[in-house]
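Take a look at the structures below.
Next come two complexes built around chain A: one with chain B, the other with chain C.
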Partner chain A sequence: MRISSRRLGVYTIALVFAIVMNFTVPRLMPGTPVDAMIAQLGSRATPAAIEAIKARFGAVDAPIATQFVDYLKGLATLDLGVSVKYYPQTVVAVLSRSALWTAFLVVTAILFSLLVGVTLGAVAAWRRGGRFDTIVSPLSVVMIAVPPVIIALTTLFLFGVSLRWFPVGYAYDPSLDPGLNFAFVGSVFFHAIMPVLTLSPYLIGEFQTTMRSSMISVLGEDYVTMGRAKGLTSMTVMFGYGARNAMLPVLTNLALMLGAVFGGSIVTEIVFNYPGLGLTLFTASVARDYPVIQGQLLMMTMATLGANLLVDIIYGLVDPRLREAAQ
Partner chain B sequence: MNAALKLIRQQRKAIVGVVIILALCLMAILAPVIAPKNPSARVGRSHQPPTIEHVMGTTKMGRDVYTQFVWGARTSIAVGFATGIAITALGTVIGLIAGYVGGRTDAALDLATNAVLVIPNIPLLILLASFAGTVGPLAIMAIIALTSWPWGARMTRSQTLALRTRDFVTAARMIGEPGWRIVFVELLPNLLPLIGINLVGSIIYAIVAQTTLEYLGFGDPLQVSWGTMLYNAQNSSAIILGAWWDIGAPAAGIALIGLGLALVNFTFDEIANPQLRSGPALSRWLRLNRARNRNLEAAR
Partner chain C sequence: MKTRHYCAFSRRAILLSATSLAVSLMTNGGVLATPAKAEAMLSMHIEEQTSWVRNFNPFDLAGRRQSTMDFIYEPLVIFNADDGGKPIFRLATSYKFSDDLKSITYVLRDGVKWSDGQPLTSADVKYTLELMLKNPATDTVGVGETVASVEAPSPSEVKINLKDVNTEFPESLADFPVVPEHVWKDVADPVAFKNENPVGSGPMTEIRRFTPQVYEQCRNPNYWDAASLRVDCLKLPQISGNDQMLALLPEGTMDWIGSFLPQIDKTFVTLDPKNNGYWQPPAETVAFQMNLKTGNAANAQAFNDLNFRRAFSLAMDRASMVDVAGFGYPVASQHASGLPPRFEAWRNKAAEGAADEWMAYDVGKANKVLDDAGYKKGADNFRTTPDGQPIAFTIIIPNGWTDWIDDAQIAAEGLRAAGLNVSVATPEYEQWQKQLLEGSFDVALNSRADGSTPFRGYYQSMSTAFGGRITSAATRYSNPKLDETFNAYRKATSDEERRKLFDEIQVIVADDMPMVPVFNGPTWYQYSTKRFTGWVTDKEPVMNPENHDNNRMRLVHLLRLKPVQ
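Moving on to the complex of A and B:
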């Protein structure tokens, strides 16, 4: 199992780009970043906030190179500065509090959508041109085109406010004590239903579309004909011969979609008042809590890169051709 | 040409899509005629449900939702389409150069493309937008375009690579056609279906991204658009108060334009890649095929 140095190069450049963006953007504002930020804060500029900003940007009169080295040193020791809004908590503390919830939400939504989308795509390709295909496939394309904001607001209004089926906020019932008991875990899942269902349509649509087109070309392969000729049941041919091999492009697509999924989760968390990274980012952006916003970009970039790396590894394990080549 | 017309006539999905898009565009263009009032004027009480006088009700600020909906279409559709065009242009040019020039240029451009591709867009947009303060439609356009060209660039590059070794390109090079001519006259026309898909996909993406940014409050609050309408409705707790019309109107507008574009995109995909075709032609063929198989069985 080896990952090509090319892929690693791509990830390194992406990370460097995010770091440079984080470093440069605040310094592009007129005046020193400290003054500009304090000006942006306006009436919100408490002495604590000014202190936090000054601490973050250190010696703003030093040469750019020195500032950059200082910035990198801070990153290397996981020092992303101090939050302006939650002074004196560090950015790392603020972000790690909410990161787990976002991870839970995004992973659940991806697993759920993979199951649904891949099955729908495989069946649509199998019965290409049938009624199932002509309804499900255009629907998938439509699901990709509707922004998560719209789905979130509609779900919230229908099932949260009008029908009152699901809770309209928080990750679990605040009256419960967090712990590994049935009531708490149940409450966590119950609170996650609406956010997960909001994130899923986009994912299901993407997975269905990718799966369908890759499955169609796989179904033309000789080994599928062979499977049919052997007299295997269509279930075995469809999933054991076709879908299994058609899954690979879906995995690649999943890695590339992660950025969009994070975008969707930001909006979803805001609408459902779910205490994840997205909500933290939103409150930070309203309060112009720059250190947190910057830390957020870095964290999401690292999460996306990590997930891409993971997909690369899985890809190497799943694709027999790559597995052979590595041995 | 006739074949093309026939193909289009068979694509009912595309026609529905185009009709939806055109209707919304027409509404946006005719805004001064069909909604002559000022969208920012206070015309009624706060959060009035739909009545004859205010067909889509009023907002928290007592503004007419219908007027805002019609005028908001202007900004939303214009920014969406302009951004989509900008994304496509950037992606096509970068993809074409990378694919045609090859060598080190290609390696560098491809590396950049893949790197921008893995950076999460929306968080990056939020970083840029929050440092810029509130951003107008033009800034939103620039930010979205600069962060989302890689999808198109990748597609265009791989297609260009495939076309580059074709005989007609080699022939053109041997005749001594200059590079720019080969790129724009020989290669570009062959890339048109791909550019079409890229364009519609980019417009969809641009509308999603624009709505997200404006909903998060980074839009210019004085500029009426569907995204800022959602933002204002959210801020006045329209959903919790049960003022569904306040959220519903802009949401329906965005969903409709998304639906129209998606239908067009689906058809583009099928035209560019016949393997994916479903639609009436394929089902007719499958039915014939089944009938033929049955006949063969019966004959045996």
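Moving on to the complex of A and C:
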């Protein structure tokens, strides 16, 4: 499973591009963190307070070149800096708090959607043209198209506000303290149900569609016919022979979808007041908190690039044909 | 075998029932254990944040939690705007100006202790004032401009020497937080210090529990006024916006809130008609403020012409702004002086009459006034200045403030009907504020903060001294006669003198119309009587009822509340 140097080269170029973009994009927005802080005071701001804020955080108005050099220096020492909005908390502290929650949400959503989507796709392909297929497959395409914001607001209003079945916000019941006990873990899962259900339709739709098309091509292969001829049960052939091979394109898709899921999770987190990276990025953008925005964008880029690299490796491991080709 | 089993069972059963009987007798005995009194926990919502940060530093205006003032740090003296500005003495029992009016002595209450048991003395007040004078970054009150020095002649007296005669000084000191010297003298950077475990003098100083989603602020064990305090804890859940508040309301867990709830009867009162209530009395004056020093020469010429400002006012459909854009919550301005309804007691009827005619909605008259003043229509059918320069301006509103955006649209329609080239822009809130402070805007819809008497609102928004330095003073209006009257007021020694001078101020402002008042926005205040009673309501309008950081009377409101038995 050697990664070709060309592949590594591509990843390095992507990383350099990401580093430069992470620095430039936040600064393209009009206004600076100082403006945001002064604005927060509203009409309470006395002239002295305004001057004090400018004096304390004036460093953000330093020339661009100086800022860029500081940024690169920080990256080299893995020091992402200090947040402006949550001064004097470090960016790492701010992000690590929220990264855990988003990771939990995203992983749960992906696992859940993978299970459901792959099964639906496999069954739909097995009975292609049948009643199941004609209903489920177009529905999947629709689910891909519906924006997460609509699903989020509908579920919140229906299940949270009207029916009061699920809690309307937070990662866990605020009256509980974090700990490895049944009450806390139960609360975490209970509060995650609606956000996960919001992220899932898009993912289920994607997995189902990819799985189905990949499965259809696999089902045409000789070894599948061989399996049926041998007299194996439909289930064994469908999953053991068909799905196992059809999964591979789905896995590649997974890495690409990581970025899309993060994007969708921003809206979900805002609607459900879920303390994840999406909410942090939103708050940081409004406050023009450059260090946090930079840090988060960098983290997300690294995560996506890393996921791609991982999938490449796993693909190589899982598919014997690629292993042979590499050797 | 069967018999033995039966006996064993019955023996076990007898033993079990005997034990349980004994246990129940002991616990229901009643004589031994008195039931613990349930804690009175008040759930309130003051500020919108996406995550709580543990910061109770009163000097950090932007970063402090908005339950810091009043609840952790007891004020010296506060003033009730709804009661003619009457003083309510808290940490201080009295204050007196010297004969030359250049110094003021406060007498502190005896026996007041900090929450850690140490006594609160004049040394603490002196220390805090000197800290603000030495370190302008901590000066949240503006003492750097008014105070020369401070002395502590005895443990219960503080003598503040003023830079100039200023009889308004006690009102400005209402927002002053007294901090304990024995804690703060060891703090290296008083602005960066988070003060996570505050030592305070107010009713709620103990931070019992703090997570990013909720925090609980509980009773001060050494509170001087503990006899009046019947609330044990404040619970503040993290709420990120109005939409989240609306989603939370059906749960019925909130007691004291201050949010913008559209169609409040439907979205709030019907959830629990017996307990849910609100009172949204008109608060600060919201006005269209023209930048009298704008960079655009044609606009500047127009804005500085009284006739133009009067025509602007005639084109304002205030009734629609209130009913359509504001859901009927605000109260339309009727007087050119822009005096907020809460200061009705200060109203000078002589300032009305002719001046108030310009507050009507009459587009035809607006057109006539502009025609008579020489604002002819140019080639594009929009008006120009008398010497032919085209007039075109944008009204800026903070993005997302839908009610104000609608108000601006209504205004723009009226102005266009009067032949003016007007558009509306909605920059982000921070950018809107920045443009007001920098003076890089033409026209904005803006409010001005009030004090406990109407003077502060007028002085800070229309004096040359404040012009452009704070967001309320965006017009950069400069009128020497008005400045003179303001200064005379600050030197006035009696209430009659102040009354007379403020009458003059109202006349000057009504006649010259520096800004165009349109309505007074509502106070955001909602409550529930499910767990607590004693709320201020419209049937008992004794004070400003909101729980926000700009209202010092919220301390007195808290002390009125008692838990439902």
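What we mean here is this: the second predicted complex is superposed on the first by the 274 of 327 C-alpha atoms of A that agree within 3 Å, B and C clash if a C-alpha of one lies under 4 Å from a C-alpha of the other, contacts with A are read in each partner's own complex, and residues count from 1 in each chain.
Going forward, a contact is a pair of C-beta atoms (placed from the backbone, for glycine too) under 8 Å apart; a residue touches a chain by one contact, two chains touch by 3 or more.
Bear in mind that the values here come from a model prediction, so they are computed numbers and not experimental data.
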{"item": "Partner chain in contact with A:F282 - chain B first, chain C second, else both or neither", "value": "both"}
{"item": "First, second, both or neither for A:F17, with chain B first and chain C second", "value": "first"}
{"item": "Partner chain in contact with A:A145 - chain B first, chain C second, else both or neither", "value": "first"}
{"item": "Chain B versus chain C as contact partner of A:S137, first or second or both or neither", "value": "first"}
{"item": "Partner chain(s) touched by A:I216 [first = chain B, second = chain C, both, neither]", "value": "first"}
{"item": "Contacts of A:G263 with chain B and chain C, given as first, second, both or neither", "value": "first"}
{"item": "Which superposed partner A:R97 touches (first chain B, second chain C, both, neither)", "value": "second"}
{"item": "First, second, both or neither for A:L156, with chain B first and chain C second", "value": "both"}
{"item": "Chain B versus chain C as contact partner of A:G169, first or second or both or neither", "value": "second"}
{"item": "Superposed model, chain A: greater residue contact from chain B or chain C", "value": "B"}
{"item": "Common interface residues of chain A - those touching chain B in one complex and chain C in the other", "value": "40, 156-157, 161, 168, 270-271, 282, 286, 288"}
{"item": "Residues of chain B that touch chain A when the two form their complex", "value": "13, 111-112, 114-124, 126-128, 130-131, 133, 204, 207-209, 211-212, 215-218, 230, 234, 239-240, 242, 244, 247, 251, 254-255, 258-259, 261-263, 265-266, 269, 273, 275-279, 282-283, 285-286"}
{"item": "Chain A - residues contacting chain B, complex", "value": "9-11, 13-14, 17-18, 21-22, 25-26, 28-29, 40, 128-130, 133-134, 137-138, 141-142, 144-150, 153-154, 156-157, 161-162, 168, 212-213, 216-217, 255-256, 258-260, 262-263, 266-267, 270-271, 281-282, 285-286, 288, 290, 293-294, 296-297, 300-301, 303-305, 308"}
{"item": "Chain A - residues contacting chain C, complex", "value": "30-31, 35-53, 55-56, 86-89, 97, 156-157, 160-161, 164, 168-171, 174-175, 177, 270-271, 273, 275, 279-280, 282-283, 286, 288"}
{"item": "Sites on chain C touched by chain A in the complex", "value": "50-51, 53, 61-63, 136-142, 144-145, 191-192, 211-214, 237-240, 243-244, 246-248, 250-251, 427-434, 437, 447-449, 466, 469-472, 549-550"}
